[in-house]
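Before I ask anything, here is the structure I am working with.
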Amino acid sequence: MTGLVVGPILVPLLGAALAMALGRSRPAQRVVSLVALATSVVLSALLLVRVDDGGIVAVRAGGWPAPIGITLVADRLAAIMLVLATTMLLAVVVYAIGQGGAERDHVGFHTVYLILAAGVAGAFLTGDLFNLFVAFEVMLMASYVLLTLGGRPDQVRSGMTYVVISLLASALFLVALAFVYAATGTLSLADLSTKVAELPAGVRSGLALLLIVVFGIKSAIFPLFFWLPDSYPTAPSPVTAVFAGLLTKVGVYALIRTQTLLFPADTQPGALLLAVASLTMVVGVLGAISQHDVKRILSFHIVSQIGYMVMGLGLFTVAGLAGAVLYIVHHIVVKTSLFLVAGLIEARSGTAELDRLSGLARVEPLLAALFLLPALSLAGIPPFSGFVAKLALLDAGVGAEAWAVVAASLAVSLLTLYSMTKIWANAFWGPPREPESSVVAVGADRRLMAGATAGLVALSLGIAVASGPLYDLAERAATDLVDRRPYIEAVLEP
Amino acid sequence: MRYRRSVIFDATVTLVFDGALVLSAYLLFAGHNQPGGGFVGGLVAAGAIALHYVAGGGDQVRSLLGVQPWTLLSIGLALAVGTAVVPVLFGANPLDQEAYQVELLVLGKAKATTALVFDAGVYLVVVGLMLMILEGLGLASDEPLDDGEVER
Amino acid sequence: MNLLLVVTAAFLCACGTYLVLSRHLSRVIIGIGLLGHGVNVLLVLSGGDGGRPAFVGGDGGPVADPLPQALVLTAIVITFGVIAFLLALAYRSWRVTGNDEVEDDVEDRRIAREAHQGEPEAST
Amino acid sequence: MLFGLIALHAAAGLVVLVGARRLGRWGFVVGGTAPLAAALVALASAGAVLDGRSTTQRAGWVPQLGLTLDLRLDAFALLMVALVSGIGTLVFAYAWHYFAGSAYAGRAAGLLTLFAGSMLGVVLADNLLVLYGFWELTSITSYLLIGLHDDDRDARDGALHALLVTGLGGLAMLGGFVLLGHAAGTLQLSALLADPPSGGVVPVALVLVLLGAFTKSAQYPFHSWLPRAMVAPTPISAYLHSAAMVKAGVYLVARFAPAFADVGPWRPLVVGVGLVTMVAGGLRALRPFDLKQLLAFGTISQLGFLVVLFGLGRPEATAAACALLLAHALFKAALFMVVGIVDHAAHTRDLRRLPLLGAGWRATRAVALVSAASMAAIPPLAGFVAKEKAYAALVHGDATDRAILAVLVVGSMLTVAYSARFAAALWRPDLLVVPSEPRTTLDAGPRHGILAPALVLASATALLGLWPATWSRLVDGAANSLDPAAHAHLELWHGFNATLALSAITLAGGALIFALRRPVSALQARLAPRRSGVDAYDASVRGVLRGAGWVTSVVQSGSLPVYAGIILATAALAPLLAMVSGAWWPGWPDAIGRAGQIPAAGMLVAGATAATVATRRFAAALLLGVVGYGMALLFVVQGAPDLALTQFAVETLSVVVFLLVLRRLPDRFERESQPLLGRAARLAVSALVGVWVAVGAIAFSGARTAAPVSEEMVARSLPEGYGENVVNVILVDIRGLDTMGEITVLVAAGIGIAALARAGRPPRPRPERRSIREHREEVGA
C-alpha cells in the first residue's frame, strides 16, 4: 500500500540516480528509464484501483503524523492524474528513443526526464503545501534543463522567458507559504483547510487570490499565460509534448486542490474564475488562429483549453469539477499526441511552419490519420473524447446558469475547429512537397515514434469509448473534492 | 594554462583545503545535534574545492578527487533516495529513521541514525554540484569551440 | 513580527522586482537573488520574532520557531541551484548572441507586424 | 439492427479509406454495400413502420450526461432513409462510372460511405446529443469531400466555408439542445417532442436550434456556402447538396415544428427565413451560367419552400412538405447527375459554351426534361402532386396564410423559370445566350451505364406522378408520425379548384418570366447587391482574423519584462484588492524586535539599493553578496545558526559562480534596446510589490490564532528524531521529503549547467584517475 503511493515518486528517482551512474551506456539508460516509468504506470494504476475501491490512502513520510510531518495523500483525483502522467511519460520516452536527437545527444536526458517524472508525481501526491513547492521546483528544474537541452539560440531565448517567469511564480509561492505559515502555523493541506476557515474573510480571499496567481502562472491562465506560447515550441518535440500534456495540468491540479480544499464556500472566487476561464479560452484561441506554425498553434490551444478546466473549477459544483477532471483526462492524452504528431511532421518535412508544408496526406496517410483523430477530438467533435468532456462542462455550465462562459466555450469550439483545419489544409492537403531537410537524428526510428503516437491516439479513442465509467469516476473524484471531509479525515485521523 | 605559483601559496591553499575538508566532515557528522548538517558540510567542502580552483586553475580541480562529478551526484542521490526506499521495502513508512548505538574508538559512544546516511547523500550532491559548476562554467568554457560559433 | 524587518523584506522584494523587469539577464538574476532574500526574510518572520536557537536540551526559555528555518534552508539551497543554472544560461546566451539581453520573441513580433500592417491571409 | 447499419457504414468506409489506393473506384462497390443494406432493411421494415410500429434501439454511453445512443426508425425516419440510403445507393452506382480513371476515386468512396453513415445516424437518432454528433460528422465528412481535389485552392476554400458556417450553426444547436434538455429533463427526442417544455429559456433554445437548421439547409443569410461547395465532384453534389445533407436542417425543422411551432419566435422566424430563401434563391437561380450553380440556387430556393411548409407546424402543410421532400430529392439528384454526365463529355458546365447535344444524348436529355418538369411542377409528375398539396394546405387559411401562399406562388414561378432555363440549356442552348466563346466539342456520347441511376430517378418521378397511390402511404405515414393529425392523401387530379388555378397561374407566370428573361436579367444585374454572400463570409472571416491578430499582438508582446511586469502586478494587485475589500487590519506591529536587527537590516537595505542602481556587472554581483552576508547576520540575530552558516557558505559560492560567468560578459550594462516597459512602469510595479508584501506580512501574521505545529516538533525532536538540533531533525527526518526533493533539484541543475556549458563542444575526455596524494605530489606541495 505504502509502496503504491511512494513508488511513483521514488522509483523514478532511483532510476534517475541509476541512469546517471550508468553514464555513457545509452542502452542501459534506456532500459532503466523504460523500466522505471513502466513500473510507475503499473503502480499508479494499482493505486487508482485501490483508492477508488477503498478510499483515500495517506502515507506519513518518516512516520510523522500530520500535521507535523509531510503526508502523501492519494485521493481519486491524484490517482487519476498520476495514471495519466506516468502513461504519457512512458509513451513519450518511447517516442524520444525513436527520435534520437536530444535523447541521444545528452548524457543527462534520461536522468532529468526521470526527475521530471518524480517531481510531477510528488506534486500530485503531496498533502503539504511546502512540499508541493519543492515538488514544483523538482519538476521545474528538470523542465528548465529539458527545455534548453541543445542550447540553440531560440532555445536560450525562450528558456530565459520560461525560467524567469517560473522563478517569479516560485518566489510568489514562497511569499504565499510565508503568509500561510504566519497566519496558521501549519503547512499540511488538511490541517490548513480547518485553520484557514478561522481567518478573517479579507485575509482568506487575499490568500485565495494569491494562490490562484501562483498556480495560474503555472497553468497559464489569463493574464498570466504569455510565457507559454513563446517557450514551448522551441524545445525538442518529445519535450514539448510532455510539457504540453503535463506541466500546465500540474498547475491546474494545484489550483483545483487548493481552491477546493483550503477555502470554505464563501471564499471560493467562482465568478472571478469563470471570467478568467472565458478570457483564457477566448484569448488563447485567438492567439492560435493568428499563428503560422503547427507547434505554436498547438501551444496557444493549451492556453485556450486551460480555460475549459478552470471553467469547471469556477463552477464549484460536482458537475463542474467532474467535467474539469474529464476534460483534463482527455486533454492530456490528446494534447500530448498532437505534439508528437507535430514532431512527426517535423521529422518528415524538416519544418513545422505551415507556409512550408504541403500535401502530407498523400505521402503520409497514416500521419494524416494520426493528426486528424486527435485534432477532431481537440475541437470537440463527436464521438471523440473532447466532445464528451466539453459536453460535461457545457452541461454543468448550463446547470449553473453561467451563460457567458457557456457561450464562450461554444464559440471557442468553432475557432478551435478552424485552426485545426488551418493545419490540415496547409500541411496535409495540396500537392506534396519535398522535405526541406531532415531534423531527424541519424538512425532515428520513425516507426517507433509513430508507434508511440498511435498508442496515445488509440488511448484517446479508448477514453471516448469508456467515457461513461470515466465520468462516474470523475464524478466520484469531484464529490470528494466538494465534500472535503474524506480527505481531511484520511490525513488527520490519529 | 599554467599559472606561476609560489610554494607558500600552494601550501597555504592545501592547508586551507585540508582544514576545510575536515571541517565539512565535522559539520556533516555533528549536524544532528549541533549546527551543521549535510548541506552546510557539503557547502564548505564545495567552497574548499572552489578555492582550489581559483588558486590553481582548471587542471587541478579536474583531477582533484579522481572521481567524476556525475558519480558523486548519482551516489548522493541514490543514498538519499535509498533511505526513503529501504524502509518501504520492509513495510515501514518512507524515510523512517533507525537509531544505532555506535562505539567509536576515540570519541566514545555515539548515537548514529540512518538520517546520517541521508545527510551524507545531501553532502555528496552538494559537492558534486559544485564540481559540475566548476567543470562547466570554469573549465569547459576555456576549451576551444568546435561548432562554428564565433568566440567572442 | 516587527515593522523594521517587514519593511526590509518589502524593500528587498521591490528592488528585486525592479531588477527582474530589466532586459539584461545578469540584472534579472541579481533581481531574483534579491527577491529570494526578501522572501526568506518573510519566511523567517512567519515564525514570529525569533529567539534562542532551536536546540533541545538547553536552558528552557523561548526558542525560535525551527520550522520556518528549515523551510528557508531548503529555499536557500534551491535558489542557489536555480541561480547557478540561470548563470549557465546567461553564459550560453553570451556564447550564441554575444550578450545576455533577453530578446523579444521573433514570432510574436511577426504576428504583431502582420496585425498592424498587412492583411491576414483569409481562409485556408 | 439500426446500430448494425451505422456500424456497417463506418466499417466499410474505413476499409475503403485504408485501401483507397488499391481499391480505386471499386471502393464504391465495397462502400455502396452499406447504403444498399440500409435501403433494403428500410424496405423490409417499411410495412411494420408505416403501421406505426417504430423500431427502437438503445445503448448507453454517458447516460449521466443524457448521452445514450438511442436510435429510432419511425415512418418519417423511414422516408429520410429512403432518401439517404435509397438515393445514396444510386449515387454510389453513378459515382462508380463518374470516377473512372480518377486518382481520387478511393478516397471519395471511403468518405462518401462515412458520410452516408453519418447522415443515416442523423435521421435515426432519437437523442438530441446523438443527433448533434452525427450532424457534426456530416459536416466533417462533407468538409473532406468538398475539398476532395485538395490541390485546388477553390476546393479548399469552399470546404472551409461550408464547415465553418455549418459548424457555427451546429454549435449553436448544441447549446440549444443542452438548454432544451435541462428544460425538459430529457434529451430523448421522442420524449421531448411528446411532452415539449415551455417558458424560460425554451424560446432562446429554439432560436439556437433553428440557427443550426438554417445553416445546414443553406437558408438566407447563411446560404452562400452551398453554391461554393459546387466545386466538389458532381456525385458528391448530387448526394450531399440535394438529397442528403442539406435536408438535415429541414429534417430538424420538421421534427420540431409540430411541438414548438406555437412557441414565440418559431413561426415568424422559420416562415420568414424560408420565404426569403425561396424567393431570393429562385431569383439567383436565373442568373448563373454554370449549370451546377443554377441547380445550387434552385436547391436553396426549394429548401426554403420546405422550411416554410414544415415550419408552419400544421398538419396539412406537414403532409405536403413530406411529399415535396421526396419529390425534390428525386428530381434534384437526377438533374445533378445529368450535369455531371454532360460535364464529363463536354468539359464544361457553362451554358454559354455547352455544345448542342446530338443523337447519342436522347436519353440523357429526356431524363433532364422529365426531372426539370417535375421541378417546375408540371403535371403529371411527382413535383406537381407535391406542390398541389402545398397550395391546398394554405389556400383555405386566413389572411396570413394567403400572404404566405402568395409568396410561395411567386417563388414557384421563379422555379418554373429556372427549370425552363435548365431544360433549355440541354435542349436549345441557343435560346438562352449568344455564345460569347466557342462552344466546346463533345468527346462522345455519355459513358455506358452512367445514365442508369438518373434514369431510375426520372422514372420514379414520372411513376409517382402518374400513380400517386404508390407513395401516398409512405408520405402519409411519415407526416402522421410527425403530427398525428397530419394525413397525406396524394392525388394527381383534385378536380378544378383554386389550387389548380394557382398551379396554372404559377406555370403561366414562370413561362412569362422565362420569356422575358433578357429584361429580367438586365433588371437583376442592376439590382443585384454589390456584395455577395461569399464576400460577406470572407469579410467576416477576415474580420475575425484581424481581430485575433490585434488581440494577440496586444497580449503577446514577446517581451519578458512586459510579461514579468504584468504577472507581478497581477500577483500584487489581486490579493491586495481582495484584502482591502475585506476591511480587516490587525493593527501595526512593533517597530523593532531586538537591537541586533538594525545593523542587519541596514546592511540589507544598503546592499540592495546599491545592487539595484549598480551600472557594472561585477559590482552588482558583489553587492548581491553583501546582501547575502547581511542575511547571514540577520539569521544569527534571529536565532538561526544553521541558516547563518548555510547562507554564508552559499553566498560565498554564489559569488564565485557569478564571477565565473560574469568574467565573460562586458563589465558595464549596455543600454537596453526597445524599452517596452518604461522606468516609471518598472518603479510602479516594484512599489506595488513592496506594498503588497508589507501589507500581507502584517495582516497574515496578525491573523494567527493557533499555536504552530513546530511546537510539537521541538517536543518530539530528541525522543523520536534522535537529534538535539531541531532544524536538522526537521530537514533530515520530519521533512526529509523536502530535502530529498531539494537535492534532486540540485542534481538536475548540475546536469543542466553541464549541458549548457558544453553545448557545441566536443565530448570531454575522461579525466585520469588520480588520487589526491598523486595530485599533490605533482603540484609539489
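By written order: A, B, C and D. Residues from 1 in each chain.
The criterion applied here is as follows: contacts are C-beta pairs under 8 Å (C-beta built on N, C-alpha and C of every residue); 3 or more make two chains touch, one makes a residue touch a chain.
The structure displayed is predicted, hence computed values, not measured ones.
Chemist: If you tally the C-beta contacts, which comes out ahead, A-D or B-D?
Modeler: By number of C-beta pairs in contact, A-D is the larger.
Chemist: Using Cα averages as centroids, what's the distance between subunit A and subunit C in whole Å?
Modeler: The computed centroid separation for subunit A versus subunit C comes out at 24 Å.
Chemist: Report the inter-chain centroid distance for subunit B and subunit D in whole angstrom, where each centroid is the mean of the CA atoms.
Modeler: Averaging C-alpha atoms per chain gives centres 60 Å apart.
Chemist: Calculate how many whole Å lie between the centre of subunit C and the centre of subunit D, each centre taken as the average of the chain's C-alpha atoms.
Modeler: Here the centre of subunit D sits 44 Å away from the centre of subunit C.
Chemist: Give the residues of subunit A that touch two or more other chains, as numbers and ranges in rising order.
Modeler: Residue numbers touching two or more other chains: 13, 16, 20, 61-62, 130, 134, 137, 141, 144-145, 148, 151, 160-161, 164, 168, 175, 178-179, 181-182, 187, 230, 290, 421, 425.
Chemist: Where does subunit C touch two or more other chains at once, residue-wise?
Modeler: Expected reply: 1, 13, 16, 20, 28, 40, 42, 45-47, 53, 55, 67-68, 71, 73-74, 77-78, 81-82, 84-85, 87-89, 91-92, 94-96, 102, 105-108, 111, 114-115, 120, 124.
Chemist: Quick one: which residues in subunit B touch 2 or more of the other chains?
Modeler: 33, 35, 39, 68, 73, 77, 81, 84, 94-95, 97, 126, 129, 133, 136-137, 141, 149 - these are the residues of subunit B that touch more than one other chain.
Chemist: Edges wherever two chains touch, nodes for the chains themselves; is that graph a line, a ring, a star, complete, or other here?
Modeler: Its topology is that of a complete graph.
Chemist: In the complex, go through subunit D and note every residue touching subunit B.
Modeler: 641-642, 645-646, 649-650, 652-653, 656-657, 660-661, 664, 721-725, 727-729, 731-733, 736-737, 739-740, 743-744, 746-747, 749-751, 753-754, 756-758, 760-762, 764, 766-772, 775-776, 779-781
Chemist: Taking the complex as given, what residues does subunit B use to touch subunit D?
Modeler: 7, 10-11, 14, 27, 31-40, 43-44, 46-47, 50, 54, 56, 60, 62-69, 73, 76-77, 80-81, 83-84, 94-95, 97, 99, 111, 113, 115, 118-119, 121-122, 125-126, 128-130, 132-138, 140-141, 143, 145-147, 149
Chemist: Help me check something: in the complex, which residues belonging to subunit D touch subunit A?
Modeler: Where subunit D meets subunit A, its residues are 20, 60-67, 129, 132-134, 136-137, 140, 143, 147, 150-151, 156, 159-160, 163-164, 167-168, 171-172, 174-175, 178-179, 181-182, 544-545, 547-549, 551-552, 555-558, 560, 562-564, 566-568, 570-571, 574-576, 578-584, 693, 696-697, 699-701, 703-710, 712-713, 716, 720, 733-738, 740-742, 744-745, 747-749, 751-752, 754-756, 759-760.
Chemist: What part of subunit A is in contact with subunit D in the complex they form?
Modeler: So the residues of subunit A touching subunit D come out as 13, 16, 20, 61-62, 64, 67-70, 72, 106, 108, 111-112, 115, 118-119, 122, 126, 130-131, 134-135, 137-138, 141-142, 144-145, 148-151, 160-161, 164-165, 168-169, 172, 175, 178-188, 191, 195, 198-210, 212-214, 217, 223-224, 226-227, 229-230, 283, 286-287, 289-290, 359, 361, 365, 376, 381-383, 387-388, 391-392, 394-395, 398-399, 406-407, 410-411, 413-415, 417-418, 421, 425, 429-431, 467-468, 471-472, 475.
Chemist: Can you list the residues on subunit C that touch subunit A in the complex?
Modeler: Within the complex, subunit C contacts subunit A at residues 1, 13, 16, 20, 25, 28, 32, 35-36, 39-40, 42-43, 45-47, 67-68, 71, 74-75, 78, 81-82, 85-86, 89, 92-93, 95-97, 102-103, 105-108, 111, 114-115, 120, 124.
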